[in-house]
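Naming follows writing order (A, B, C and D), and every chain is counted from residue 1.
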Amino acid sequence: MRAQVTGDPAAAVAEVHDGDVVMIGGFGDAGMPVALIDALIAQGATDLTVVCNNAGGGDHGLAALLAARRVRRIICSYPRQVDSWVFDGLYRDGDIELELIPQGTLAERMRAAGAGIGGFFCPTGVGTPLTEGREVREIDGRTYVLELPLRGDVALVGAHRADRAGNLVYRKTARNFGPVMATAAERTIVQVSEVVELGGIDPETVVTPGIYVDTILDLSLAEAVAR
Amino acid sequence: MRAQVTGDPAAAVAEVHDGDVVMIGGFGDAGMPVALIDALIAQGATDLTVVCNNAGGGDHGLAALLAARRVRRIICSYPRQVDSWVFDGLYRDGDIELELIPQGTLAERMRAAGAGIGGFFCPTGVGTPLTEGREVREIDGRTYVLELPLRGDVALVGAHRADRAGNLVYRKTARNFGPVMATAAERTIVQVSEVVELGGIDPETVVTPGIYVDTILDLSLAEAVAR
Amino acid sequence: MSRPRLDASTVVEHLDRGPLDRVELARLVARDIPDGAYVNLGIGQPTLVADHLRPGSGVTLHTENGMLGMGPEARGDEVDPDLVNAGKIPVTEVPGAAYFHHADSFAMMRGGHLDVCVLGAYQVSYAGDLANWHTGRPGAIPAVGGAMDLAIGAKDVVVMMTLFGKDGAPKLVPACTYPLTGVQCVSRVHTDVATFHVTPAGVAVVETFGMTAAEILSRLTPGD
Amino acid sequence: MSRPRLDASTVVEHLDRGPLDRVELARLVARDIPDGAYVNLGIGQPTLVADHLRPGSGVTLHTENGMLGMGPEARGDEVDPDLVNAGKIPVTEVPGAAYFHHADSFAMMRGGHLDVCVLGAYQVSYAGDLANWHTGRPGAIPAVGGAMDLAIGAKDVVVMMTLFGKDGAPKLVPACTYPLTGVQCVSRVHTDVATFHVTPAGVAVVETFGMTAAEILSRLTPGD
């Protein structure tokens, strides 16, 4: 169904529930949907499983969500950063579960979820501790491990611009996980710097078609509301 | 390695060999690389396996390649068209082999080849004659059939515009199979209406990154040569 | 598999009229498409449904050859050989359209993101099996296109067909005799004389046109 | 697994000098990257290689967070928080760049389309096994990022490291004791004192710096 546009961050994340699997876009801070995360913290949903490439840096965004103790488990490829002290502390104290997945497998498992693929044979991580005990198969002389789709209840995505049909474009490497998470989650909530009228995005340049977008937080409206 | 640009159709297809698996872009005539196919007919390679959504229409392009009896086997989803008389005749006379694959599975098998996926469990065609006798698996309550990657020796792709780094953009629904075939073939040969300098294509709008492109036939040069 | 079930508590019989013609059938199918839905209309008769979508319904049309926001068939100067629908007919784009390649387009279909697809059929079984790609006749050249992907992909697979063939044989059958397109995938069957919902318990007649539900049932199961 | 093999017929010994420093090592790695190659440079020391690519070499840099045509680190006004490399350091784009999402970026890597990747390592085995993501030390927080994808994806996986650890222990070993990143994936090992090629027969020393091949071999296999 057609995407809804709002300027109210609270309304945008109203339907996130305790125990949800929440996919959060971004690679470090690039593409991280900070306004949506802040709204989610205020909203109060807890016992979340977060899927995100990193485990947050500094004290803002995902790190703030972790610090608020809303996340039971994080599925990511690279939790350790110079400024990942919030995650590091929780992890060392046993207060958060970590599932580590190679970055490309993380992306591909979400793509599989979005693309209706039941599973795929992946060469990444074969013979390493990260695929230990898993089903392997030799195909055409190469060994692969079976990977299953990774689905989300909600995706929080930071994009650059949307049109009223929900089509999205991103900026530079802030594109990263947003497009694939938008396909993998039951409900996709996006924050953008502006929403333009139909026709305002060239159809040849759309990165995420509107079919994958449920709710758009228009930050230009949100700022107007805040003022 | 960096893409080579040429205005000479013969040079563009010089390295296609007898027995090659040749992927040919296009959905009907939209995106069909007719100049490259004509050059391939003149070049003479034979005993080809062609992967293409359709089996050619009218007497031009792929139909002409079939009429020249260069194709032993065709792998496609939709051979039958109102004007597919060339294919129809060859097929009825037993002069061409046909492997029929659901359109999305055709695309996904090529994507798998390009993406290093060894195989994937696909829900399409389960319980139908097109997947009879194949390995099936129930995952999460749904039945899937195992599909394997589909690789090409060569892909012939019709795009709209290239830059000197080989980045491609397409036009409207002529995009179709080109981007995925470019990833699935050992060598990708593209025809474009023009090649622009570096910086002439916005990096945000590139559909096929140059890494997937080996040879570019610049039709504006080809016309200049022909004149 | 269970027989077609007649749920008398919900059936609406339109007996003051004859069967639906093609245009009326298209209009009926269009009526059942929710506002804001993403919809794929199959080649042939289903294409007619587009003409009956309410302006302002916010329905977005998908064409499997790589587009959301497909507009009406192109006329005159609008014809662009690079812009065609799944039947290779030149079409137009509406504002807010998006193009994507074939792997992405079928990921969208297979991944269950389309709300509705409308397909023609040779046969639908009481269990919702669909046969619409191949007659299986000797000499017929098979072609499947995107039919199997649509059948398993869309949230709602709606079939549009006449209920009986030219020879009078029902197309809603206990088990398909034609090669299958998909298994237990159809959710609704719109025909000229009746509309059926496919449920886990079987097929329910929900609306009839020019015939009573009892008449339809007896013609569907003449041997009973 | 076979021992490191010394192929005396091809080794070049540079004995009029000491070991390579970090800059010299980066220059050497850069020298071996073919013109026109698509290359991913791992986080840390491998990043230095970019500074030594010959202008006009036509080498295109890939960063796994979604870009081909990555330029040098951004300075001053060039810094854009939306444009970072795999180490989250602000970078620039060169003309002819392209952006793509993560699934597409790793499809490119996993699909074998990158010509070369250059990675740091804790250990490389004689068979070309790579360990570079986790020390396995108690309390260490594991993080893998794109290391495993690069290890199995690039046509040539080139390792850059010192040959011996601070404690003198060789990092080129009969079998890795650290958790593996990839199995039999390394094709070339560039170190401060020697360059090795990994072949199906084992590891061949091809060039040395400040030590003879014989010395290196004896330090690698002290127990022999």
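Definition applied: contacts are C-beta pairs under 8 Å (C-beta built on N, C-alpha and C of every residue); 3 or more make two chains touch, one makes a residue touch a chain.
Predicted, not measured: the structure shown is a model, and the values here were computed from it.
If we look at chain B and chain D, which chains touch each of them?
In this structure, the chains that contact chain D and also chain B are A.
State which chains count as neighbours of chain A and simultaneously of chain D.
Shared contacts of chain A and chain D: B.
Based on CA centres, what chain would you say lies at the far end from chain C?
D
Which chain pair is joined by more contacting C-beta pairs, B-C or A-C?
Of A-C and B-C, it is B-C that has more C-beta pairs in contact.
Measuring from the mean C-alpha position of chain A to the mean C-alpha position of chain B, what distance in angstrom results?
A distance of 33 Å separates the two centres.
Calculate how many whole Å lie between the centre of chain C and the centre of chain D, each centre taken as the average of the chain's C-alpha atoms.
Spacing between the chain centres: roughly 56 Å.
Centre to centre, by mean C-alpha position, how many angstrom separate chain A and chain C?
35
Just how far, in Å, is the C-alpha centre of chain C from the one of chain B?
30
Which positions in chain D are in touch with at least two other chains?
67, 93, 99-100, 106-107, 109-110, 152-153
Can you pull out the residues of chain A that are in contact with at least two other chains?
108, 111, 115-117, 122-123, 170-172, 203-204
How would one label the connectivity among the chains shown: line, ring, star, complete, or other?
The chain contacts form none of line, ring, star or complete graph.
Which chains are in touch, pair by pair?
A-B, A-C, A-D, B-C, B-D
Looking at the complex, which residues from chain B come into contact with chain D?
Its residues touching chain D are 1-2, 111, 113-117, 163-165, 167, 183, 197-199, 201, 203-204, 206, 209-212.
Quick check: in the complex, which residue numbers of chain D touch chain B?
34, 36-38, 58, 60, 62, 67-69, 93-100, 106-115, 152-153
Can you list the residues on chain B that touch chain A in the complex?
That would be residues 108, 112, 115-123, 137, 139-140, 142, 144, 148, 169-172, 202-205 of chain B.
What residues on chain C touch chain B, complex-wise?
63-67, 80-85, 88, 93, 99-103, 105-107, 109-110, 129, 134, 139, 141-149, 152-153, 179-183
If you look only at chain A, which of its residues touch chain D in the complex?
27-31, 53, 77-81, 87-88, 91-92, 98, 100-105, 107-108, 110-111, 122-130, 170-180, 207
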